[in-house]
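Okay, so subunit A shows up in both of these, paired with subunit B first and subunit C after.
Let's look at the complex of A and B:
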């Protein structure tokens, strides 16, 4: 891999663009308006075309104004179709942005001789060409995109900084925001205008479709990693910057694997962001798929072991010696589970020192007996509570108590015991073991 | 650095000079030109199919699923191209590319469903993530494909913008077959899909295979999108899936009618749009079709018979008028009631009535004129009106309804007597005769029919 100054500039442009987008994306994701980013980034096309036709130039300021106006209009039109036409919000977006996109397409094609706008460029961007288009900043020659995107990033940071509290409250609780005197609607339109301006700034660099990737993907991943807005924004910015940098590296390296020389950096940036998102979905500590599966499996294992423990206690109570395979069979039929699962539950008890092998079978250790007695006590206390206080029929209380016994802590158990102070037996007539 | 080829810009170009003559218009609309006929037929059939299947998508609140789906097809096209080149083909076999598109499209849909089920992200974020990442991946792959020594992929990019103008006989057949399958499936699965859209929980409780039905629906959408992709392009096929059903929704409350209307609007859009594009140079057909259906949408939103804005405004205005008239009658009753009962002539005075409610003098005068036309009041002159026997009966009926509600609210809903007037006011005007009978049955013993119970609260500006 060869690295030139050019590549550094491309990475700088990509990082500026990605962070400017990701900053706003946090609020879009939290407001459940991610697709609004999609809608606006398609809908700015006619704004650009009209701005170009009026001004006759691709000067950035006119483009920004045109895009800002159309972005705002998109938000307003979607709101109209949604409230006046009572169309589902998603469908309203679909109607508005496809129509605006079509109008933009017609404008560009009709005025092709006058408009030097390539819709392809709007869609995919040309970050590879951006470093060549330079402007003088003081003594240095800096790519124009760096200046433009840097300004937009500064603008977004400024607005988000100034309106942080308002954006925060109105994203999570628009009704509360309104009662506090914050105009939630105005905040929404402010956000939409910023999204439109950022889209235009970014469209030359990474293309409008990929703006959506940078708007949504980093923020969505950050949402899975943290519960605080401040840290969510921080995580999303890091995520966006890393995607941009790695994306360019990938665009240089990956095509070599199949014999090509390079590919579109913007596409690779989105691909890398998607890859990082997929890893986050799987591996996020609290909201990730893997951790949720692990937590669920652990809980399931504990419940199974507790049920096995209770079974051993009840058999001991009835003084019924059974063989090991009978034990497994009983647990299997009681819980409707597979034989392997039941065997593992007993093995887990032995491993934890709660049960020990004894002549063809298992018996409780002393520690196991204490735990088991508490469990069975909780179970029977629940049964009598359900029977006496909630009027659940005696033949229905067992299953509910089976569920509740696993989530009852000692304090709750003794509170139950107070309610059933005089009951020495559960509704089935078996003794409730003492504490 | 690579760029994808620019968009195709025009329709089939029957005429190139700017002046249109009627003969050309008729030729195009009646499909006399072979090329135009292919294009127009293809877009009409595509519009029909997209409108029909889009109806279910809209009702299932999955309108933007078409968006994610069509974007997710791009990597499939690139991968199919690479695979076909790797096996020594030209890489441009249409069925191969379309199969690739369908595969990654369905993968994208599955990813959206998986993200919403497995994480705490909502469907908007899931759609956004999937469509942008898949599309970005597709762009990256296309970049690689263009750089590969084996194949020039010119034309692959036309999937993004569509190439309506260059539809050939084979494409038309493909669209006809897919549309036929979609039509057949919507007829066969009409009941099941309707159930899925309106009450998914009920469907699953009743033992319907909800997931399978969902997958079938999305597969049909995928089929339409795949064939639409090359005809009108990636963005505009989304429009054909969403806009015609959304427009049809304004005209009817019945699913069957909505389905037919959506198909009709889609087909009409295809016909008019493709024809315009054929007649006027440099108008991209796909975009024009979308603009035509969008125009139909706006017209439907305004003038739709069932849910259109104008229709709703009329209903609201009518209700408002009824409410105002009932208010007048009740005010009249309260005046007559308050006046001395021995008084031979029940008279109401305009100057006192106007203080009764927040109505303007002009509005009150309009109401009084209506009452005179209906022979409820007779003018005595000097701003004084005599209440006729008919007027008394009507006023008593309205007041009775109001007070029955008040009494019901006080006794059965624990509303304080000082608050009950406004609560009753909000409800009484929209009561059907059946509910009034029910109310009377409930309160009959204490307030026999024909009598007006005394008001449970103080009447007048202070009493509220």
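Let's look at the complex of A and C:
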């Protein structure tokens, strides 16, 4: 892989874009307004056109003012359509942004022949060309995009820093914010104005698709990984920066693998962000798919071991020595499980010191016997409770008790015992072991 | 308009229920001829009453009676078509600090990245003011509020990891931390466990003992006589408003709820129990 100064600048521009977007994206995601980023990134078009028509200039400042005004208007119009048109917010956004986008297109085509609007550029941007367009900052020649995006990132950071409390409370509970004298609607409009400005700044470099991706994906991933707003923002910024940097590396490396010669950096940045998001969805510690599967498997393992423990206790109760393979067979038929699973359950008991090998078979250790007695006690207490208090027929109580015994804590068990104070035996006439 | 004359008559008999110019100048909450409409369809109308100081007031009425709307309209959360709201004799926007609001639990996203302590601290944001950070003093106040609702051990829990009742208690703590004089609560007892219900009742009693005024939207008629010393029976208009012992009658309930007799029987039994 060949790395030039140019590549460094591309990565810098990408990281600035991505972090500026991701910072605001946190609040969009938390307000369930993810699509507002999409809406505004389209709706700013007439703002740009009008700003150009009025000033005759394409300077960044003029464009930002145009974008900021239209961003604010978009938010206001969406609110109006939502309130007065009695349509839901998503539909209101759809109406407003398509209309504004259309007006923008008309304005550009009719009046501003001078503006070249290449659809490809709008979608994907031209980050590869951005480093060539330089301005002098003191003694250095720096890409204009770095200066513009750096300023926008600084602006976003400043506003989020200054209004952190207010953005936080009005995102979580706008009604509370209002009763405390914090104008939730004003915070909303401020946020939308910033989104519009950021969108325009990032547009040229990375295109509208990546703007939308960077507004939403890092924040959505961070939401899965964290449970405080501060850490969510931090994680989203790291996520965005890593996606941008890896995206460019991938844009250089990946085409070689598939025999192509070149690919779009901005496209690869979005792809990497999407890939990292997929990994997050799978692997997030609390909300992730993998952790849910692991939790479920652990629970299943514990239930099987408890059933195996109960079986050993019952056999001991009946003074019925059985061989190890008979044990496995009994557990298999009782629970309708595979032999391997049953064997593993007994092995788990031995490993945990609840059972030990004896002669041809297994027997409970002292600790195992205590634990097993509690389980069987819970089981039989449930049986007698279901039978006596809930009028469940005696031949139906076993299966229900089988499920409940695994989720009954000691306090609940003794509460049950109070209800079954007189019962020394379960409905089948077996003794309920003492506590 | 069968009930308006009844409330006018009531107005002459009791100083707190007044119409027109007869409002008490220092009432915690004074509602003057309020009407609220959604899309030009009136939801509640002719609301004209003074909430007396230091009382626990229950607001009851059937679904769609406008109970939540009444509270929200007082707090400027929904626009009023007409009418005025005074808090301790002054317009509400000047008195925000003296009013705390407990919204319904479903109004917020419980997956929001915040823990119980952070949520309660939000109650202080108004007092902290713009451009200032949350300090240790505010967090200490939030911890104390959590303790008052028995939730001090859950301060660091992310809010989605709390049960429904615990979430409701955290909401209540957030109102307590505002240290207001007037509390407006929207269905705080909805779907909570027995422990939470006891905790909330205790908090209500403590607030009353401290001279605060509390307005609670309530749905369980059975507990009205034991929880509230004043009651507002609402069905788009005020059906009756006054001390529970006087106005929480079968007759008034019938006017409020129409023909839902099973509900009324339950309430009648509750009344009988309370009187015994």
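As a working rule, the second predicted complex is superposed on the first by the 303 of 435 C-alpha atoms of A that agree within 3 Å, B and C clash if a C-alpha of one lies under 4 Å from a C-alpha of the other, contacts with A are read in each partner's own complex, and residues count from 1 in each chain.
Criterion: a contact is a pair of C-beta atoms (placed from the backbone, for glycine too) under 8 Å apart; a residue touches a chain by one contact, two chains touch by 3 or more.
A quick note: this is a predicted structure, and the numbers were derived from the prediction, not measured.
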- Would subunit B and subunit C fit next to each other on subunit A once aligned, or clash? clash
- In the superposed arrangement, does A:169 touch subunit B (first), subunit C (second), both or neither? second
- Message: So in the superposed three-chain picture, is A:239 touching just subunit B, just subunit C, both, or none of them (first/second/both/neither)?
- Response: neither
- Task: Look at A:102 in the shared chain and tell me whether it touches subunit B only, subunit C only, both, or neither; answer first, second, both or neither.
- Result: first
- Query: Given the superposition on chain A, which partner contacts more residues in subunit A: subunit B or subunit C?
  - Reply: B
- Task: Have a look at where A:228 lands relative to subunit B and subunit C in the superposition and call it first, second, both or neither.
- Result: second
- Task: For A:86, decide between first (touching subunit B), second (touching subunit C), both and neither.
- Result: both
- Pick one for A:33: touches subunit B only (first), subunit C only (second), both, or neither. first
- Message: One more residue to check, A:346. First (subunit B), second (subunit C), both or neither?
- Response: neither
- Pick one for A:52: touches subunit B only (first), subunit C only (second), both, or neither. neither
- Query: Where along subunit B is the clash with subunit C: 5-13, 257-265, 275-283 or 455-463?
  - Reply: 455-463
- Which residues of subunit A are in contact with subunit B in one complex and with subunit C in the other? 32, 86, 223
- subunit A residues within the subunit B interface of the complex: 29, 32-35, 37-38, 42, 81, 84-88, 90-95, 98-99, 101-103, 105-106, 109-110, 112, 118-121, 123-124, 126, 128-129, 207, 209-210, 212-213, 215-217, 219-220, 223-224, 251, 254-255, 258-264, 266-271, 273-274, 277, 281, 287, 289, 292
- Note on the structure: The residues of subunit B that touch subunit A in their complex are 1-7, 9-10, 58, 61-64, 66-67, 71, 82, 115, 118-122, 124-125, 127-129, 131-145, 147-149, 157, 160-161, 235-236, 238-239, 241-243, 246, 249-250, 282-284, 286-288, 290-291, 294, 297, 301, 307, 309
- Item | Partner subunit C, residues of subunit A touching it in the complex | 30, 32, 86, 162-163, 165-166, 168-169, 171-173, 175-182, 223, 226-229, 231-232
- Query: What residues of subunit C sit close enough to touch subunit A in their complex?
  - Reply: 39, 72, 75-77, 93, 96, 99-101, 103, 107-109, 111-115, 118-119, 122-123, 125-126, 128, 130-131, 133-134, 158, 174, 178
